[in-house]
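Inspection log for the structure reproduced underneath, given as structure tokens.
For clarity, chains are labelled A, B, C and D in written order, and residue numbers in each chain start from 1.
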């Protein structure tokens, strides 16, 4: 077993573009769940409309990339309004089920033969990220340190994605410490109290849902651009569950929670992945127990186990405070 | 059902098929398919609804109980290392294992967590983790390849006037309806069933009436696990067995439950049939691969116009 | 005794010289049970009105309906001359009708100071975009913080300023909730059992806070069980029983009203209208 | 109460309990109930009357103190075990199963002895004829007074040795209040010991053998019903200055 390979894989993944994309989506989810107390189980739906907003605009309709970005952002706002209008006045569970259902509805529609002329159906779309990579200022080469190397294209995507994460984190930090943020954190604690003080709880929940959704759609766009392709089946409900794991791991209701959570999540996941493959390759683990194609499944199972253990033994996550958790009335 | 699906697809794709059955016949056929699909959703959703009613837990891992039922029966029936039993005993054992698993999860996990005072939202997220864990354990053992049971796979459809139905599907519908009636009988006429309804209705008073709440909740989980496993076998028979079949069904169960009114077992049954029928009937007009999407869309529409569901009581609206 | 209320006849529904809140025919039923049925009730501006009555008399339900937290099945009510029937809770609060809750609703994971600052109205920084631009609201925020600190000082919570509200004791929560309601700058406060669960040492300070509010020109209406409290500070007492207003008047008059005694202690069995027989 | 020779049926001694950490609603109160007695617990709102019953019935944790039933310690035993021992409880609010029919509500009363249902249902329906008329209706469709009858009927189905009633007259119209007190006496006459918490002090004391007056979680006075009924101190405790102003 080559530990250098395993460790460098983990590092590359932890600071790579995918971790950045998940951090971004998790920042949006953290605004919903961590700060406002909204149970959004369809964050992946916002990523999907963002990704396809860009991909379909450019690939199917030959529009410039920036128009695609606007269309993606617009779709996420519309989606948030559609989901929020009926459910935000109801008990929390209704939003949870409506959002997860919406994610599946969209995935199924986007992959259907019906939508194929626009979305490419099950084949997805490609060739929409050219403009993005054309403006890259990074000369063609490979970059990095030690065994952690990225191509210039990856590095460009990575830099842009982390810049967006940083920007989103700054926006959230400013917002949650503003009077607006005070209102949404108060809604998380007790809606009736906030109502009795003259604030329209519904309007604030709606704003939070829209803003977090927009951040999610930006993550979706970045994921599409970074992969240079979109496929509906990569926008599975499981993505939202990963995002929850990330938010809870880092600490819900913490500005840096989703970022720390995502880096660790991907580093740990890749570490196990890489270690298992190395172990199988070196013959430590018999392929009859776990074969190479099953490694992916094992790591998903580990995520599930991790989420269960985390919620039971450290629900405040890495950055949250135990004291605050004990005050949680929910 | 697969045979009909092919037919429906052909109809959806070809424009006017002159020699094909008329619209009314196709609609009847879709209705029968819908009732069958609805019955399978209902069998699995009733348990989920009872668990919610008695504990207020939204169990995201319920779909995995369905999958495990189907996969255990598959292992006993055609699994490489399995005993190769006939499907009927295999299914029976799968149901028992499903029931035991439901009971085990309640006893080993939810009861201690409730006792520790873990909040409902945290429990909800724990069910998500559990769902991921169980689903991928199944994946490791079962693999990604869709499979079928050995018996009753391909059958000649009986020709009943405008509709064609295989004996297998007919029996599945009949058995499902019987099971649902049985559950209704249990809830309505037996002491345990009344206790379950009493617990959903007023937990404090239920306890004050001498009901051992933990025991009733355990029974609900055992029942829910058994029903989920049975639904899994039926689902595997009519469609195909895959590692994530239960998870795909889960959203339709939720749709049925919310459609019928959160917390009402009968509502869950009615809602599930609506969902099944909407899914199948949609293929009269729309591509087959959008069936589930239309069913879920029906859920969203209901949330818009009647959030308390078909049979539900009006909730506080803030 | 409030000067304007002197000389009024102490009948249920009596008109007041300067009513702030006027209730007409408000009914609220739960299932088959009529919880509230108030024909006519006026609450005098600038006075302390106590709402008393035995358990289940409908006092809290009336509070919930009037403050927009429950809907009425029938009836109308006006606040400060404007019809406000069926207005949502946050709209009523913005109009100046603010309530507290029997079970205090402090926001546990916000600091005491944040609880206070939240309640200020018309905050520029509460708009999403403006929230991102601190220069737009920092000045206002400082003014709000100063007012919050003054109120915390007055309510003897200044030392808890930066603690999580969830760590306060029951009595401190009551104080915080009342102080927070004042941040809204209400014209009228509805206090739902302000003394419930408060230790006797704090009762006196809560009482003086309530009378201070009136002396500053605010209208106070409160539900209370402790008769010493009611008699000690209220200008006017309204007694409810079985959902209806059975008596109202100045404290002393109410204390002598047989309908009130009956509401509390139950009627004498020899009273006409009962059909008690030893069977 | 310690000098009694025969152990009382149900005893609560120096109970401390409360809902919020660190706040005791009950601060050392206690009472005793003898076989066949009808005992009333009165006191102003917030005195801790309902809390005392809940603590005795295992619905609220007793912090210190002791509850004994037939001489045996039952402190903090879960409610369903106390039911099995012969203690019935009628809560003040939410005292029926709204989604169950009247008959099913009664059936819950014999949950632990289902075979007894038919026999006991007859007796209970004789006492509360309205329950027979409405057998197959959902409890949610009943009026407040009818619900109170149903709730008492359900508790009687248990054929308890002791019945704990939490403010049975609360929220009822005068006509129904009279009916409720009438029924309480009838039930007591059949030999069931009853501990009744009441806001409606006069009516309660009129029918009780003995009464306890609670104030701020402790025992203020005790005596026979009639003694307390005419005790000025009790009236003063209840109405405070209201009474003094008279």
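Observations, loosely collected:
Here is the rule we use: a contact is a pair of C-beta atoms (placed from the backbone, for glycine too) under 8 Å apart; a residue touches a chain by one contact, two chains touch by 3 or more.
In UniProt terms the chains read A = Branched-chain amino acid ABC transporter permease; C = ABC transporter ATP-binding protein.
The model shown is predicted, which means the values in this text are computed figures rather than measured ones.
Shared contact partners of chain A and chain B, listed by label: none present.
When every chain is reduced to the mean of its CA atoms, the largest separation from chain A belongs to D.
Averaged C-alpha coordinates give centres for chain A and chain D that are 56 Å from one another. Taking the mean of the C-alpha atoms as each chain's centre, chain B and chain C sit 50 Å apart. Annotation: 46 Å between the Cα-based centres of chain A and chain C. Separation between the centroids of chain C and chain D, computed from CA atoms only, is 31 Å.
Shown for chain C are the residues in touch with two or more other chains, of which there are none.
The multi-chain contact residues of chain D, meaning those touching 2 or more other chains, are 98. Under the contact definition stated at the top, the residues of chain A that touch 2 or more other chains are 192, 195, 201, 328. Chain contacts here close into one cycle, and each chain has exactly two touching partners.
Here the chains touching each other pair up as A-B, A-C, B-D, C-D.
Interface residues of chain D facing chain B in the complex, by the touch rule stated above, are 57, 59, 78-80, 83-84, 89, 91, 94-100, 104, 107-109, 111-112, 114, 154, 158. Considering their complex, residues 31-33, 35, 54-56, 169-170, 196-197, 225-228, 230-232, 242, 251-252, 254-256, 260-261, 264-269, 273-276, 279 of chain C touch chain D. Considering their complex, residues 171, 174-175, 178-183, 185-186, 188-190, 192-201, 207, 211, 253, 323-324, 327-329 of chain A touch chain C.
Residue ranges of chain B in contact with chain A, taken from their complex: 58, 113, 118-122, 124-126, 128-137, 139-140, 143, 247, 251, 254-255, 258, 262, 286-287, 289-290, 292-293, 296-297, 299-300, 303-304, 307, 315, 317-318. Residues of chain B that touch chain D in their complex: 191, 194-195, 197-198, 200-202, 204-213.
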